[in-house]
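Got a structure for you, questions after.
The first chain written gets the first letter, and so on, giving A, B, C and D; residue counts start at 1 in each chain.
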């Protein structure tokens, strides 16, 4: 049933992603980005995707490669404009890709809401700004709030550090970022990790993503990239 | 400023609690209950308190002792009725204490909302039940939800396992329960721990409550109690 | 995540007597799909754990903040910091994880649990659940996580004796006790039989020590789907 | 938790020249109360970290999920899994903690940070902030965590040059650029002076290399609180 499956390859991990799917992609810049899963998704061929991620790709790798391959119809993100986001910039300026800009905290909280069964929530972020347009406003205890709705994914592709065979996850440092939230918000959560260990090998007090949120795990030789001063 | 203070005694830790204050008290039954802080609060003498906690006391210890001392005007909780909740039962039946019954998940989520700057949220819990009375209802995507507001505390009294000198906390097993949520929801968070270690001695990946949420820490010889089959 | 429960999964038990609660727990345990994430309510449903084999891979959730909860703790294994939702000391299985209450209820309310099994005062034919309050004026009300489980688990099942001590059915056309959740229960396990309930009404899946027609008559069930034999 | 910032805390700096951004960073660092929890925005504000002494006990938050962030990482200390909000590799101080994005923004939006210091395109006399979008039709908009910090930190301070390259003031009666937040900024640190802004209008706290009257005239500030000397 829901129990996580350890698969042999990144290609097996992304099997079944349909054209038009909404895919949550982990990472803040390149930290935590699931490079191998994205490359497998490019090989897999699904197109017309909606990608939910904090950024819109750096350089030519990861999310930028998926965008360059023409598979993405729309990006939902908080910070597309970076020094090395030339792939997205070109597609955006030529009208080949749609952008929904969401403040970073709303991006995280709206995915949390999806995972937590919250129908909508009132948040003060963006009050009085252009990003409040089209949103319902309400005053509570003298403060103004906007109504925000959940963001759900058909798939989440995330990177973590260690998994046990049941699917419990730990992360490394700030590469944790969106992984734990996205894992709760997708119908199918796919994780690439550096290492898979036996159940019982992770400290139960230090598990960050409990196994219930994980569907497929693949162990890879994770490559790590830095972006110097990019944002 | 906000930096946590290590104090020498439970009495120093609860100094300043005003009559009429709202106090969030950690623990699920007796697991995680901050016995020493509650006993110090009884000695401190604040009265007319509103207590927010999952239960309403067990036996004669902890929260039950505070209730027995006549310091509590109102209890906000999810599960007051237990095999050994005779102190609360007597006060409730004699009309000496007010009860606001909140489903456990709403109790937790409403305190999280207080800590997270959420003005209110829509939740499906209690739809169509007597606990929906007086709440605003809304249909979202074909499902019915109730509007829930934050619960804030003037103080939170919680038990944890280890603290470092900055105030980072770890917990033990299911004694974690409400501690991390209450720590975010109170103006002043007071923690009793088994052990205080130097900054750098806790694994940064395994910190559960970051130091920013903690105001006062006291090291005690925590007594642990069990309730056999009580609930 | 796929739907945890297939109504045809449980091999019907042929019994010529009403089941004890322990026998019933074994029936329920056999119905739980391998690898499912399950919450067992306080009271009778906790017995189900005793009938789950380790090889089933069923993972137990306890709402006070844990996945992969093990059996009740005995003797030296008792740790006051490790209890189930009934505050009974329990143990930890390999692959366990601890989390706080907001995270635990996010898990419950977000639809991630495959099955929960709860006790009940009454269940309505349409799946309404009443299990938190008798409505008696002198009763101290207590709800705990029951309403959260009722709206949150993918499948809400009930385990209860079919009749009260005064022989009143607890599976009823409409609940008279205060509700815990509306239309949330899909299956009811009782000592006299197993029932599928919900928007299409009630259907008897199997019976124990009583004929289906007789049981349908006693409960006032008129659904033609009810099988003719028991 | 108490209010982090006392407007009288900063010892006025007497300078006979406009400050460099580095000198300004030192002024801001000196204003930050000991033990405060602080978020430094990307760009110029990150320089402030270089002027915070370890003994100040100031704890830096980075919105990508960390408290007690250390200085920029160099050489072998670079770990691609450990960056600041500007995606620059940084280090970890003793007492650090990591958390995920929803927890990090709960911390920001819940009012737990004492101070954040952000860069800006414009600040309005009433404390409006514009720092995410020039409004140019061909610009790719990006907001990141700016709007969350604007509504969340107890004190929102801005660090910016007071004039654009074409000598237009960036502290203005009303922002013409798209807003990040309304009435959220309480103090503006610039190369020419420090300003208190908000509902009661703008007040010059100190000036660098220019008289307060002259500065008030250039900016169109008419507040009588403005001190007569600079």
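Here is the rule we use: a residue touches a chain if its C-beta (ideal position, glycine included) is under 8 Å from a C-beta of that chain, and two chains touch if they have at least 3 such contacts.
Being a predicted model, the structure only gives us computed values, none of them experimental.
Considering every other chain in turn, the ones in contact with both chain B and chain C prove to be A.
If you average the CA atoms of chain A and of chain B, the two centres end up 33 Å from each other. Spacing of chain A relative to chain C, judged by their CA centroids, is 35 angstrom. Between the CA-based centres of chain C and chain D the separation comes to 55 Å, rounded to the whole angstrom.
Residue positions of chain A touching 2 or more other chains, listed in rising order: 109, 112, 116-118, 123-124, 171-173, 204-205, 208. Residue positions 92, 98-99, 105-106, 108-109, 151-152 of chain D are each in touch with at least two other chains.
Those chain pairs judged to touch are A-B, A-C, A-D, B-C, B-D.
On the chain B side of its complex with chain A, the touching residues are 109, 113, 116-124, 138, 140-141, 143, 145, 149, 170-173, 203-206, 208. Residue ranges of chain A in contact with chain D, taken from their complex: 28-32, 54, 78-82, 85, 88-89, 92-93, 99, 101-109, 111-112, 123-131, 171-181, 208, 224-231. Against chain C, the residues of chain A that register as touching in their complex are 1-3, 112, 114-118, 164-166, 168, 184, 187-188, 198-200, 202, 204-205, 207, 210-213, 215.
Within the complex, the chain D residues that touch chain A are 42, 62-66, 78-83, 85-89, 92, 98-102, 104-106, 108-109, 133, 138-148, 150-152, 178-182. By the touch rule above, chain C contacts chain A in their complex via residues 1-2, 4, 33-37, 57, 59, 61, 67-68, 92, 94-99, 105-114, 151-152.
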